[in-house]
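Given below, in the form of structure tokens, are the structures.
In the two assemblies presented below, subunit A is common to both, partnered first by subunit B and then by subunit C.
Moving on, here comes the complex of A and B:
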């Protein structure tokens, strides 16, 4: 086995770049972190051995290594971002106007690009198999890449020793040599402690470290992301997530979808209130209300009664025996909540569906005559109506929503949106007459009628649209998002800082490393070495950059 | 030393394999659930869910499970559906013959207004039972989208075939033959 035994005696796993204990760079592995001689050390993952870099035996390892790659992870993210953006170019299928046919809609509305969009399946992008697969691959990549980096980094930071290798020290970005024999170590340690560094000592060598936990920020953040993905995935489980829609007409009692027939709802009344301009209480809205051309809705509300079915087990279709649970109101953002986690949200409405129509019988030529009136209930019409003078009017045909197709009246839906009737009028002692009546139509079938059935009045009812929703995944997603944020804060607001102090025969060496905010680390060190006889170390990277800038354009930077 | 590291490697392989398998099964679950189309009828080969509906124009209730042992054809229709009307005469034509052979036809009507259905029945003179599903509960139970939709249920209570859209006389007869109990 190719474990690496360092000259300090520590045995490192295969693929280690910097000795876990003393930090000695192992020559044969420097390419793994792109380290070049004469350059500062790349300190990523503290030079720990990422197995994926060296270890390829079985197919499992190969899959593992594929997903461990940050390049692959970033590529997946880029593809996802581009795909997600493309999905917003034209509307998704579910947002098309009701009744439109996606096979033709995209071509008609958006031309050839729309056609391509539809054929490539972008009209249903966010639930397409390849989009979900990309999301899943991102999840796998996050898990594997995190494990593959967290574990070795954790081990390395736990095993690190204060005594570092010469090459490690020299190749740190912050490094300084002091030649002096008069160094106040006591003062140094006191200064380190006052800056809240934890001090580890080995044969006089010092390691001062703080905020190591900030290195775990990205991994905590990834745990949060995985929780969000898992929560989103649980939406496929009906017990966890349900989203249905329910139209209920005023006066109608309907089974609540998704409750397995256990609950019913009756719509007592649908209310649409608008802002009253005259009302004193609305005076602060006066100006904005006046800017609107029409009335502004203030409240959408369904007054409902919730029933529970008592004849169990539920046999679908069977006339239910219902027991009233309670009366409840659904308003926008104030849903009716049932015991089983289901909420009914006020989501939509239709107004003014016809519920009844009143007709009067009059002479064909004179609308002022009146032989009596009758009212047809459009939900359950009667077969026959009798007027006071003994005239019978038989409802021969009823079309709840009628359309003329090839001159024939046809019914297009079961809802009384455009009702039409064929009446047989039988006045005692006279011939039976047939008339066809509807909204804006009144046809005399034979052309020889004496009477006419005229519409005098109608009643309407409203339909309420309720969203039936159960969502237990939201707390999981919110929890994941909170963990995500904690990880971000942990990694962003603290920095992992380390300072190494090495006593030498001639004086002392100081080196420093941080994962971000080098300026602050430099400032820390400057304060710590003050009055200890140690000269402040330099930022070798900045010196090099400055030197290069100086060579390039001859301008001397005033940066310190 | 090498024994220890080969043990370590084995452990690592087991860990990686099991983690990959767990993630793979989660992915399969997610993709499969996402691709299951909500709009299709109850799957062929499954047991037909039970229901009880009132027969039109009477107080008699028909419950599906009472018909076990017979072939059952369930036809979802409405008076405002033109293709539904076209296949009604075919059903009427074949009904007496197949009723003899142990096949029942249940025509589930989705209208809400009795008088409309009455007028339709007066015109068409249908002899097979018309069931009323005013609330659309059975329609929801069977995930019926467009009508007409027809299900053919074998004597064992399993759904043999679902047909979305109108049937021709010969196709209808073929399907009825398939669900005729052998005796």
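Moving on, here comes the complex of A and C:
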């Protein structure tokens, strides 16, 4: 370790740019902060010794230096920006219309570009390995960059002394020399205090400082970010996160997924309300409602009863004994919350699903004849139905939602939205006949049937779709977000300001530094020195600008 | 019962009148700030600036009046459709300007920030303005909290654009045409497109122009009504209105939704009108527009303007994070059972957030203050506007407002 001993006596760690105690710039290390002799001092991290600037030999050093660079950090962020934007060019797979096949959908909808998009895996971009890798790199970069800077900055700010080196003072952006012996120090201190500066004194030299805590803002907010990222990662641990979906028909009681059979839910009623134009309470929406092509939904709601199973332990296959816990409503924006951390969200619905259909057997030519009726329960259809006259009707096939495709009946889904059946009708003493029956269809396959199976009645009910969620990562993520907010506010709404006042034989020197918002600091100092005999210091950067201006700023001076 | 209906009607009339009034008050304030450009005496300048900010505040209070009365009339906070959201955004822009004016007292900022707000408010009124009912997912207090905070954050960030623009017009060398002068002209052209769109929309609105098409939407024949002459018709559409102009071509099929052709047509009109206005201005001024404005900005200190631009980001970034990321997540968790779902609108909020995070980090690096930072402020504003308008138009997600 080659420590640097300053002329003020302070021993600094290797790689220090400005003496921790007096601020003297060490010649040999100025390049570390890109300082040039003729320029103002770069005050970043107060010239403290950062690991990344000091060691660059081993592979560990190289990795450390890579991730601690702000340039690399910003590059990662920009790549994330571009990647994220790419993911919105076409819809992600999860937002495709239900039932569409991604292998063909992108090509059909978006042509060759869509095809390429799909082939590159951009249809699942946000869960792709490389997107997650970018996020991981972001996290690593945040951690390393923060440690690299926080530790030395913290130490340096604690060791700083009011007495400053000449070269430190002169090369501050805000600097002024006053040649006068008539200076009112008492008033100066009073002014500083009234602006809430803390004053440290060393042999008549003053350091007035405020809001040092704001320097820690970035590190606090970075910790918050890391917590959010960790929380998001924990989602991949199965015990932390559960996401299930439940269709429950009206009148039906179902086990709530993910509760190990402990909880059940009954759907008493599913309600869909739409805005009623006639209702006086909606008069302000009159015009808007008239402009809509269809009714506007006002409420989706499931009236449910929650049950708990009492016959523990759960024996598979055994009919559960249930005890009512409570009645509850799930509405959009108002999920049902159970004691065990599970929430039930109103997520979807299916209206007017068929629950049962009643048929009668009659002569093919005469609808008024009636040889008996039977009712098919569409959730649990029986294989065979027997009529009073001994006729058996076998359910050969059942299509819950059927569609005719090229003349062939095909099953579109397993939900009874448009049921159809193939029946085998056996009237005692006659040949077996095959009939195809559904809503508005009745096909006689052979063309030689004597009988017909005709629909006489049906019942419908609504089905509610609920998501079942339990997410133990939420508290971690929320906590991280809160820490992040505290950190950004701390770093953004306050700034760290320091004013150094150094008595000299000829008068007094004043210098000022802030980590942001120089005009505000300048205003502070001007007010503080106003009635003390000290001349207001100047913004050396602004002066330099002014000197350079006019030469190259391209403004055509019309008059003047 | 009858009475309630009458009263809400009356309230909504008062409300829209207040909005009109605030618009003209902002316009007046803009002219007052404009007058400070010619005043070289610092004292007088200060005085005129005080009058300007006073008028601005009166306008702001008037617009608050609009907001509150409309809230009463609707029974919910008026931030639930694109008209309401953009109007609110305009109001927050003025608020952001007021904050930064009191920190830095630069009158020039008013000359740039207020016109942006005026543009946004006028643009908003191109969308359907009637009070609309809330669909179930929007019925949440978190909606108001999220939308208002997000809009405030975006508005303060947009002030950074106004300051950045001052910086660029002031600083970009106009002696000869370069890449930088061309980009600068392009930014001004973009603003003129918004002006053009408003002019075209208002004109055809005043004469109640309508042209109706019948076209297949999701395999169903649907009537689509244009309120501007159709340059681009709906794909496979048939014009029903007699003696109507156009269409010259069809809207590309990948733009989805019933309103896509209408919106696409509106974009074409605004580009066309923007080109015309820009062309006329160039002919009148006989030089680049930025070059013509530049001498007026001579009194501005570039470093101060740069600090204002940066300060706006520093103030706006936390507000934006809170509103557009955190409150948005809380609401999404309640309404859609997931706090983050990679919906395009959400992704673009994330992009905005990441972009401004990159901006803040670049500011820590030497050489990124001043001009580069001003360009970044412009890009940031472009991203915000893209999220506001283009994502609704081109990529329709769960947040489809319009």
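Points to keep in mind about this one:
As a convention for this text, the second predicted complex is superposed on the first by the 418 of 560 C-alpha atoms of A that agree within 3 Å, B and C clash if a C-alpha of one lies under 4 Å from a C-alpha of the other, contacts with A are read in each partner's own complex, and residues count from 1 in each chain.
One rule holds for everything that comes next: a contact is a pair of C-beta atoms (placed from the backbone, for glycine too) under 8 Å apart; a residue touches a chain by one contact, two chains touch by 3 or more.
All of these numbers come straight from a predicted model, not from anything done at the bench.
When both complexes are overlaid on chain A, the residue A:23 reaches neither subunit B nor subunit C. By the touch criterion stated above, A:129 is placed in contact with subunit B alone, subunit C being left untouched. Of the two partner chains, neither subunit B nor subunit C is touched by A:231.
In the superposition on chain A, contact of A:47 is made with neither subunit B nor subunit C.
Applying the stated contact rule after C-alpha superposition, one finds that A:318 touches subunit B and leaves subunit C untouched. Ranking subunit B and subunit C by residues of subunit A touched puts C first. Looking at the shared chain after the overlay, A:85 reaches subunit C, while subunit B stays out of its contact range. By the touch criterion defined above, A:297 lies against subunit C but remains apart from subunit B after alignment on the C-alpha atoms of chain A.
Only residues 34, 42, 44, 70-71, 73-74, 77-78, 80-81, 84-85, 87-88, 91-92, 94-95, 109-111, 126, 275, 280-285, 287-289, 291, 296-300, 331-335, 343, 345, 347, 467, 469, 474, 477, 481, 484-485, 488-489, 492-493, 516-520, 539, 541-542, 545, 552-556, 558 of subunit A touch subunit C when the two sit together in their complex. The touching residues of subunit A, counted against subunit B in their complex, run 1, 3, 51, 58, 60-61, 63-64, 127, 129, 132-133, 136, 139-140, 143-144, 147, 230, 233, 236-237, 254-255, 257, 261, 315-319, 378-383, 395-401, 410-415. Against subunit A, the residues of subunit C that register as touching in their complex are 1-2, 4-5, 8-9, 12, 73-75, 103-104, 128, 130-133, 135-137, 139-140, 142, 171-175, 254, 294-295, 298, 301-304, 307, 310-311, 314-315, 317-318, 321-322, 325-326, 329, 333-339, 341-344, 347-348, 350-351, 354-355, 357-358, 361-362, 364-366, 391, 395, 397. Subunit B contributes residues 1-2, 5-6, 12-13, 16-17, 19-20, 23, 26-27, 29-31, 33-35, 49-54, 61, 63, 78-80, 82, 110-116, 118-119, 131, 133, 135, 137-138, 140-141 to its touches with subunit A in the complex.
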